[in-house]
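There are two complexes below, and they share chain A, which is joined by chain B in the first and by chain C in the second.
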Partner chain A sequence: MNAEVLNEYLPLFGNAALLTVWLGLAGIGLSIVIGLICSLVQFYKIPVARQIVRIYIELSRNTPLLIQLFFIYYGLPKIGIKTDPAVCGVVGLAFLGGSYMAETFRSGLEAVDKVHSESAFTLGLNKLQTFIYVILPQALSTSIPPFVANVIFLLKETSVFSAVSLMDLMFTAKDLIGLYYNTTESLFLLVVFYLIILLPVSLLGTYLEHKLGTPGVRQSIRKNAASRKERKTTIKEGVVNVGN
Partner chain B sequence: MPELLKVNNLIKRFGDSTVLDDISLTVKKGEVVVILGPSGCGKSTLLRCINALEDIQGGEILIDGENILTGGKHNSKVGMVFQSYDLFPHLTVLDNITLAPCKVQKRDKAQVRDEARELLKRVGLFDKEKSYPRELSGGQKQRAAIVRSLIMHPELLLFDEVTAALDPEMVREVLEVILDLAKQGKTMMIVTHEMQFARAIADRVIMIDGGKIIEENPPERFFTNPDTERARQFLNTFTYESVRA
Partner chain C sequence: MWGIEVIFKGKNLIRLLGGLGTALEISLIAVAISIPIGIILGILMAGRNPVIKAILRVYLDFVRIMPQLVLLFLVFFGTTKVWGWDLSGEVSAVIVFSMWGAAEMSDLVRGALNAIPQHQYESAQSLGFTPLQTKIYIVIPQCVRRLIPLSINLITRMVKTTSLVLMIGVVEVLKVAQQIIEANRMSAPNAAFGVYLFVFALYFAVCFVLSIAARKLEKKWS
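Up next, the complex of A and B:
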């Protein structure tokens, strides 16, 4: 591997990485919004909208991103909608990511035990209050691991953006290989830059899992043992004579 | 004593099966009514209907003369504690208790906290306000759930097999809390399988089987000399005389 070549390519890959991150984050942000709306429509079983969401989800996750991008990039102009490559990339990623996020959030919402909604109802909370104070916090904490997996997956999917002439990491690597045949250096930098982008996301995910996960999980074992001991001493004997 | 709850000809069906068949009963203010019966007889469903968690197919349920199903809203005069530990797992004991008074009744937070601590002390959990439900034993969770219900000041408290999932030692600590409430004159309907407890706490025992009220009697009579053969059979299942032979 030639250090000089690496040095020369570094700024090119740096710029490409910025584009990848920027388009990736925009697409993921939109995916989260779409996912939240779709999961709520499914969770609350809203008629008609629910069927539309179902169709969207199946369409979106059973077709490859590359083909979705082609549709947006080459197909839409045929019916008069011109799309800029960057917009096309973001919209494509959001179209794909929306369904993944929707299913992730839905599984989180549905994992909340029904008895919690029932006790919230018994306490007089209305539907919105029940959602905000009871269901959502629990759903979020169970959704974090698959959510982080989705974010990583979507960032990696940006590697097909090169197909619609976006100068992302993949495009840069292929371009340089085509021009100068420095295959080793180009591929090495490609891997390194993906790792630079994705490893912090993974670490952030682990951190979030601990931070937002249901509290009391990690301390539970130690504290339970302590409380068991306490309980034995607090039980009062023969205060009430049950029976007869 | 005036009537607090009046159930008239209640019918509840799940699909084709009739779970509650023409149930009529009344509960007076300050009365403790224990509902007994074999599993699947409709006891829990009856409580859930009174708590407006189920729609009903016939009859009416009146609390203080007011139909509970009007408006699809929960009647704030009713409180219920469930069999499974239903504390919200992401909130501390204190937050579990103060959530509804603050958000629903819009009461002053400091005042609600004081009352919550007072009640926690009463049930022997004064040092657990910062604990999460996962850190509590089953009995402690149920006592906290009772406090969460009490702080809403319901007039009628429903207990749905609150000790069914507990170890014997913990059953006692929960039942003592309920006995204490009875002494304070709270109106309660209790579904339980703890016969000794039922006998000690009940003003009246109602036995349900197959969705119908089989027998309704004061506890002394019900447990020593029930009117019906079905009740006698049912009570016999709690002794093990026949097994010994």
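Up next, the complex of A and C:
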């Protein structure tokens, strides 16, 4: 590996990484909005809209991003819908991500026990209050680990953006390999920059998973703690009994 | 209209399906390789040896955190430069997808093994089962039930990921679609819409059937 070449390529890869991150974040932000709307439609079983959401989710989950991008970027202009590469990338990512986010949020919402919303009703909370104070907080804590997994997945998917001529990390690497044949340096920087982007998110995900835990894990921890307490008290009682 | 007719002109349809065949072939070979390797790695991961677990952890995390396209580039361009191997795009794709599939599969196997509660081992022992009998009659049947729908999901993901091989020059559906559009540039200037829509529908048809099957099995066996 040549240090000079690395130095020379570093700013190129830096800029490309920034583009990857910006487009990724924009796409993820949009997909969170789409996901929230779709999950609410499914959770409250709104007629018609629910069927549309179902079709959208199936279409988006069962096709690769590359094909979606090709269709948006090369196909749609032929019927008059022109997009520039960046918009196309963000829209494509949001189209793909929206369904993944929707499924995550929906399963989070469904994981909240029916008893909770019923109790909230009896206590006099209206539908909106029940949602904001009772359902949402619990749903959020269960959806966070799969949410982070989705973010990582979507950031990884941005690697196909080079297909619609966006100068992201893959594009830069391929370009430099093709032009100067400094394959080792280009591939090294490619891996390093993807690690810089993805590793912190992945570590954050692991941390949050440990901290929040899935509800199952948390319950079992609580159960263990409870049984430990029980054991302690019985031991104490035993001691007391012996003392008597 | 919109270039749909181009698909049915001459041998275009057969060529497109052939391209899909190439993509499916790569993913099926990769799945066939990655399932046994994944099962072995998963059993090792669920085991007790800390050194093996640490090494596997690093390998699995690297493969799962890197975009598959980066892995494809590493194998396709990297091996040529470092060892002078002249791998074809198809072979690189099979290598990468097998490595990636094995990593994903091992995680599923580990999950399935860890999901079996300890008391089942203890009950089996108290009923006089030997460790081998416990595995054959109690552990394996439950794991297989849990793993089959998950592996079908993995195949779906694999099929979707194979669309990436276009970027290392393998002639698959998208490449064929590009060629068809290029060839009919004069007679049907709007062919891109219809042809890419058709490719979209092709992928959807394959993956939709697979995910329905996975969902059915999951419901039936859970």
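List of remarks:
Convention: the second predicted complex is superposed on the first by the 202 of 244 C-alpha atoms of A that agree within 3 Å, B and C clash if a C-alpha of one lies under 4 Å from a C-alpha of the other, contacts with A are read in each partner's own complex, and residues count from 1 in each chain.
Note that in this section a residue touches a chain if its C-beta (ideal position, glycine included) is under 8 Å from a C-beta of that chain, and two chains touch if they have at least 3 such contacts.
The structure displayed is predicted, hence computed values, not measured ones.
When the two complexes are overlaid on their common chain A, residue A:129 makes contact with chain B while staying clear of chain C. By the touch criterion defined above, A:176 reaches neither chain B nor chain C. Contacts of A:88 after superposition: neither chain B nor chain C is touched.
By the touch criterion stated above, A:109 is placed in contact with neither chain B nor chain C.
When the shared chain is aligned, chain C comes close enough to touch A:190, but chain B does not.
With both structures placed on the common chain, the touch criterion links A:137 to chain B but leaves chain C unconnected.
Contact residues of chain A toward chain C in the complex are 58-59, 61-64, 66-68, 70-71, 74-79, 152, 156-160, 162-163, 170, 173-174, 177, 183-184, 187, 190-191, 194-195, 198-199, 202. Note for the complex: chain A touches chain B at residues 113, 115-116, 118-119, 121-125, 129, 133-134, 137-138, 141, 214-217, 219-220, 223-224, 227-228, 230-231, 234-236, 239-244. Chain C contributes residues 2-3, 61, 65-70, 73-74, 77-78, 80-82, 156, 160-161, 163-164, 166-167, 174, 177, 181, 189-197, 199-200, 203-204, 207-208, 211 to its touches with chain A in the complex.
On the side of chain B, the complex with chain A involves touching residues 51-53, 74, 76, 78-80, 82, 84, 86, 88-90, 99-100, 103-105, 124, 127-128, 131-137, 139-140, 145, 148-149, 152, 169-170, 172-173, 175-176, 179, 196-197, 199-200.
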